[in-house]
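Listed next: structures, encoded as structure tokens.
Heads up, the next two complexes both have subunit A, just with different partners, subunit B and then subunit C.
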Partner chain A sequence: MKENISKSILRVDSRKKINGEAKYISDWKFDNVLYAKTIRSTVAKAKILSITLPEIPAGYYIVDKNEVPGINRMQTVVSDHPVFAENDVQYIGQPILLVVGPDREIIYSIVAKIEIQYKEQEALFTLEEAEKKSTVFTDYHYRKGEPETVFQQSGQLIEDEFTTGYQEHVYLEPQGIAAEFKEDTLFVYGSMQCPFYVKNALLDTMDLPEDKIRVVQTITGGAFGGKEEFPSLTACHVAIAAHKTRHPIMMIYDRSEDILCSTKRHPSKIRYKVAFDKNNQVLALDVDVLLNAGAYNGLSPAVLQRAIFAAGGVYNIPHINVRGRNFMTNAVPSGAYRGFGAPQTIFGIEMLFYNIAVKLGVDPLEYKMRHLLKKNDPTSTGGQIREEVKLPEIIKKVIEKSDYYNKLKTNKKYQGIGISLFLHGCGFTGKGESVINGKITLEKNKDIVTLKVSSVEMGQGAETALRKIVAQTLKIPIENVIYGEVDTGLVPDSGPTVASRTTMIVGGLLRETAMEMKTRWNETEQFEISKRYEHPKYLHWDDDNFSGDAYPVYSWGANVAEVEIDPVSYEITIKNIEAVYDVGVPIDNRALKGQMQGGIAQGIGWATIEVMESENGKLKQSNLTDYKVPTSMDIPEIHCSFVLNPYEFGPFGAKCAGELPSVGVPPAVAEAVANALNKTINHLPITPEKLMEIDNGN
Partner chain B sequence: MVEAFRPQNLIEALYILSENECTIIAGGTDLMVQRARGFALKPDFVFPLLFIEHLSELKQIYNNSNEIHIGACVILTDIMQNEIIPEIFKEMIGKMASPPTRNMATIGGNLCNASPAGDTLPYLYAVNAKAILQNANGVRTVPIEEFITGVKKTCLQKNEILTDIIIPDKKFDVNIYKRLGQRKGMSLTKVSLLGLADISKNRIRDIRIALGSIAPTIVRSSDIERKMINKSLDEIKQISYEISNQYDKLIKPIDDARSTAKYRKKVSLNLIKHFLENL
Partner chain C sequence: MVIEFYLNNEKKKIDIDASARLLDVLRENFGLTSVKEGCGEGECGACVVLVNGRAMNTCMIPVASIMGKSIVTMEGYKHTDRYKAIETGFMEAGSVQCGFCTPGFVMATESLLNQNPNPTDDEIKEGLSGNLCRCTGYNMIIQGVRLAIEKGAGLW
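Moving on, here comes the complex of A and B:
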């Protein structure tokens, strides 16, 4: 039988999640468990003068920096975040110590009596202040061509600036984690994306041998990047508490605590300088990307890399100079969120091109299309676009389906239409995939095949996709393919579940391995095959100079958004979204459409609804009453289709998909609003409050 | 340890209240959120709880000589589904919260919570609704604007229960309700306007404007409304700007996590103008 890989099947995890059978970490039960509650800084920047504890009853414990067996730093890209605060605190919400014990009510009564004396220091809150004081964590730079020369010679320059705000993930399941020692082995269980990140963090902090730490992913109710690096911190907390008390420890955040201290999308400011040739074509671009990293750098350099490598968008710009900086502020650390820096710069470049076209009095889409990248063109880092760029076909499809030009002509005032063109680099940036060197194992036992990977199902459909890839390669029923328990003691490190890499990289490895297994299918003895990822040999990357192929391949897309604005209330209603994507080959049409709809909803939220402001380091929107994400009432019907463009190293031709919709939709919505009001939109989120000021000319 | 009472009937509830200081709880959709303390912890109640949501005396809707009585513990869903309730009030309630919350929340709770953003309140102010309060010794009737005395404040005494809300059995010719939140559903109101009017022979015979979430309590001005009576629709259009400006000093919004004072002020005035120009 020849099956079409894109034909939809029932998601393998849907039944247990709908009927309530699925056990999330807060449903787990441990004998003699102790609960942990975190005491956090209530000030933005201070020296800790003293901590006065009340009398601690028997069976209750205080766990702080003094109990850390190994290094008191959470391991990530830059391991600068103390597991527990030492002599100072740098943001409101920073963990100082844990109160641990069997009864949550008693824990809270102890918490209420703990007194911390601070000597407050002058803190930095905004990107503007941080730039003025140069609190730079990371300063990256790359160039292509000779931008300086072009800018010196160019008479006509345009400058523009864009800013974007925070975004909170609002995964349905807040952060939750547990730890216990079984004899001398530490087990950590929790809601997470990257079990081996957690394990590696525990190796640093717990000072245990590698084979004495096991990290088990529990059913994860959404993550979106919010469970990429953050669970490494909470895992260290519960592990240290388990080490001290020799009891199982559980720590479940409620929503307010989660919002207070978990990572968010980086607020950004992006400045552009543009030089043109005599035909008004963009000849050179100078881009200055500023991200608010918060109090610790952590994962932010990786986010910054993706942000700056996307700075040129889908355009072939001969001369480009890009600077990217992460700034320290006394705010909760920013981190991974679907799109990972790219939504900020793609918003910037798309709106820049729109603004230029409007200024020149030319059609924005036509102007954008004059600059499109195509096969064999150099990327902004001097790599090469190796695949056929199907943007012309994608654009044709999206404008036909949305009736774009007709609506552009016939729209009345306060009705608007916008189009965005975008791409997303698949897998880790730069050397990332070679460093991770992901490994997978397939095990055959009679007619049952077990796939062993550290990639996690977190609601995105990884379990269905990966089992389907193996089943269809081996031509066996999907029920005969088992997804091995994601336990670092049982599965190899196939890398974290991030960067839209799971289907393409891990799925690709599984497909290759399954093909080998197929040749040995008649063997009766149980056997397993393991494989490691190898980056295609033709790719080169220089990590010191940021030159070469930042990504092995790209996924592409175009979105059209239609909006209506109520002139009385400035309320924005999104009437329609047309989305066309090239993700290689969809592994499952329905699952992919689900991914796209979810990502678009998050993109619409970031672009129009989700306001998170920090006032003197304190978040003004700190619960779900005040911080709103879109509901189905805010999201129009989303029309989504795919243009096939198989990638030779992707399973069945699949490329990356998960982040693409969040990257693509915000500029389409922003353009539509700009079009409706005939005004410039340079800031996200576009709220009715902001629109009122824009429409009144402020 | 918090005690709780679950009386069999209203008389028993009033008796309990005459002997004990209690926190009265109906659907709990406001209280349980306001008193939440943290994951897996008991909510923060100082006084014993008095559960009244199940009391059948408080769950009736009926009309009686041109008035509609709505029991304080009628849930929002039941108001929406009741035939004798005016359509505009149903429409307003249909925009509150979400279906699960509307299945728990009661109209009495919305009054007693006395939030400036309470979404049943603009209607109750506009139609001069009355609140019936009972204690073990008797009954008193209070106009809605006297029942609510400030932000989160009512005139309810410690020994009293709000038992009924009375609205006139009356429909208006023009019914406009606009409610703005941070998103289109399941959000608290940042500005709202209810406009009601009766029109005959192209002239205003009755007009009511109530604004929510833009001052400590609902804003309604009988004085300004009176000035519009007997004016023609054309005359109203001509003076719509002037009238909306008369509301300016009554609208005292705040900046908060959900919107800005500036936006609330401007949009309230826009909404008034828009209502008057589209009668």
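Moving on, here comes the complex of A and C:
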């Protein structure tokens, strides 16, 4: 009988996590370990005039910029963040030095006596100020058709603007990392998504040969992008300390330190200009995307690319002009967060279409559907939609299941319903996958197969999904497929665990390799097969002009949200979420539903209660008491279903999935709120205070 | 200060600073690492254990206050039949993703079912509202609790 890949199996890692035996990095023990505490800038922008240290007891150490064996910059897309501050600081929370030693109480007493004198300088805090002063890190541009001509000739124009706030990842396990030297080899262990990013950063900073650095991922308690580039920085810190002291070093952040200095979702502002044809169809779109990158550019250019390539949403707009800029401000650097820039622009485009439809007095969903992309249509970067676009089927399903039109009619004031349509480009943007050129290895020893990849299990279910793909391809029990320890000394670089690429790209390679292994199954000797990813030949991408296929394929979806608003307190209650997705073929129905529900919960949080604001460069929220994330009381029953649409290069037809739910749900919630009050919503998060103002007409 | 208490049904005695957090004492002095620190502020529930059968956040409890009390962590609880029912329920419902919140949810579930063996959905939600999970969106945890009730019929 043919096994169905989507049929759910038990997660392979759940028992040890339920019974508490799973060891996260903070549960590890090292002999003679020293702990590290980071001293950080308390000012937003300054020259460091002097650092006065108290007497340092024997066995305690100060580790700073002078101890860096190699380059004092953290390697990422733009390697501009100093590992330790040099003569200046650019944001509150910037690392200056470490205090290292065996007893944490004594470390704290040393920390309390360190005095840093600053000469403060004028700092930039908001996106508005940054735009005025043009502190642009990155300025991107692309266009399709002839938007300028259309705008010149067009009579009626609509302009609109949307803004979104920070979001903190709140992976439940805070950042944690450790390092030790075993003879002359450096080992770094920690909670991370991208062991090879960490290794490459260490190569720069530690000035060690390639074979003297090993990075080992430990069981990771959630990440969501927050452990994409950030652990490269903390890894450098502990590695330098281990290098200096020749002791194992451990550095576990508490929640408030984590919130203070780790990356966040980019606050954004998105401006639109729209020109129409005589039937009120959107003919041309001008989009201006502004992201607050914080004090260093880091990974932000990559985030900005995904943001701008998603600017047209699921719509076929003949003429489009897109500009995207990352701005420098004296704030904690923004970085990767599930969706990677797309949630901001998808919110913008969805609300724009909603606002236009309301202005025109037509049904928003019907208006959106008049513009849908279909197979063979050009993408906004002039690539091509190559797959069947199943949005009509998805929409039909979601409106039936949610009883959308009926509720739209019968809802009373303060009850609202909204619908969002969205897509997500699968895998790295542009030529990313060709650059990474991911490699995997499958090893066969008798009837046991070991898969060697650098993709990590971080809660999303990668271990189960990848083992399942191999097991089902080889038709062997999943217990016979071992997930090799993710140690850069033992596994090839199959790329980082990001961009919803693991199942589709790495899983695809594993399936292909397993099929080859199957033909050699009767060989008695141990053997291994390695494969590298090859980007489908028919895809073209020009990175200088941003033209061509930004992604090999897309996943799609529609969400309906129902809300109720308290007429006095203006608190929003989410009553129901109905979600339908095309992610190709689900590798495991239940695991995938879990991903979708979790991603939706984060999206609901970002859209409503997750408020993070900065005042003069200082974050007003410093812990989970003032930064609220949804609890079981805030999340309704979330209904998810899938429309099948196999992708020929995905394993068993699978496409990307993990980010899609966080991209899709915020505009559905915002539309539902707009619908409930008959007002426009142009900002996330929608707090009760703002909603009260909006409802009272300010 | 010398504190005597029961830990996973064994009598223990420890001489320690009275203000030490129970969380640190369990993790560091007794090596019980199922007890996790997610916030240190009583907001996330990752550090929950049973104190005289009730779920409590150990990051908020000074060790002095447990004198004479009974503390149960996952290390002890995992040998019980009730635990088995919760384990099966959580595994089958998909209640676990990254797992960092999970021991806390198991403890909260025990505490809830101990007080109310037949909770409604709303009561389950409320009973678990002191525990944060960033991965699952809670639906499958609630379902896990429901399954545990079914599997463990008669145990609570």
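Heads up, the rule we're going with is that the second predicted complex is superposed on the first by the 697 of 698 C-alpha atoms of A that agree within 3 Å, B and C clash if a C-alpha of one lies under 4 Å from a C-alpha of the other, contacts with A are read in each partner's own complex, and residues count from 1 in each chain.
Criterion: contacts are C-beta pairs under 8 Å (C-beta built on N, C-alpha and C of every residue); 3 or more make two chains touch, one makes a residue touch a chain.
Everything numeric in this text was worked out from a predicted model, so none of it was measured.
Have a look at where A:Gly20 lands relative to subunit B and subunit C in the superposition and call it first, second, both or neither.
second
Does subunit B (first) or subunit C (second) touch A:Thr625, or do both, or does neither?
Both subunit B and subunit C are touched by A:Thr625.
Considering only touches as defined above, state whether A:Ile476 meets subunit B (first), subunit C (second), both or neither.
neither
Can A:Pro688 be said to touch subunit B (first), subunit C (second), both, or neither?
A:Pro688 sits against subunit B, while subunit C stays out of touch.
Just checking: does A:Met633 make contact with subunit B only, subunit C only, both, or neither of them? Give me first, second, both or neither.
A:Met633 sits against subunit B and subunit C alike.
Applying the touch criterion given at the start, work out whether A:Ile9 contacts subunit B, subunit C, both or neither, answering first, second, both or neither.
neither
Between subunit B (first) and subunit C (second), which, if any, makes contact with A:Asp254: first, second, both or neither?
Once the two structures are laid over each other on A, A:Asp254 reaches both partners.
Once the two complexes are aligned on chain A, which partner has more residues of subunit A within touching range, subunit B or subunit C?
C
Contact-wise, after the overlay, does A:Ile609 reach subunit B, subunit C, both or neither (first, second, both, neither)?
first
What is the shared patch of subunit A, the residues that subunit B and subunit C both contact?
In subunit A, residues 254, 625, 629-633 are touched by subunit B and also by subunit C.
Considering the complex alone, what residue numbers of subunit C touch subunit A?
Touching subunit A from subunit C are residues 27, 33-41, 43-44, 46, 73-75, 78, 83, 86-87, 90-92, 94-103, 106, 124-126, 128-142.
Once bound in the complex, which stretches of subunit B touch subunit A?
Its residues touching subunit A are 33, 37-42, 178, 180-188, 191, 257-260, 262-263, 266-267, 270-271, 274.
In their shared complex, at which residues does subunit A touch subunit B?
Touching subunit B from subunit A are residues 35, 37, 104-105, 108, 252-254, 257, 568-571, 573, 609, 611, 613, 620-621, 625-626, 628-634, 687-689, 692.
For the complex, which residues does subunit A have touching subunit C?
8, 10-11, 13-24, 26-27, 169-174, 219-224, 254-256, 458-461, 590-591, 593-594, 597-602, 623-625, 629-633, 635, 637-638
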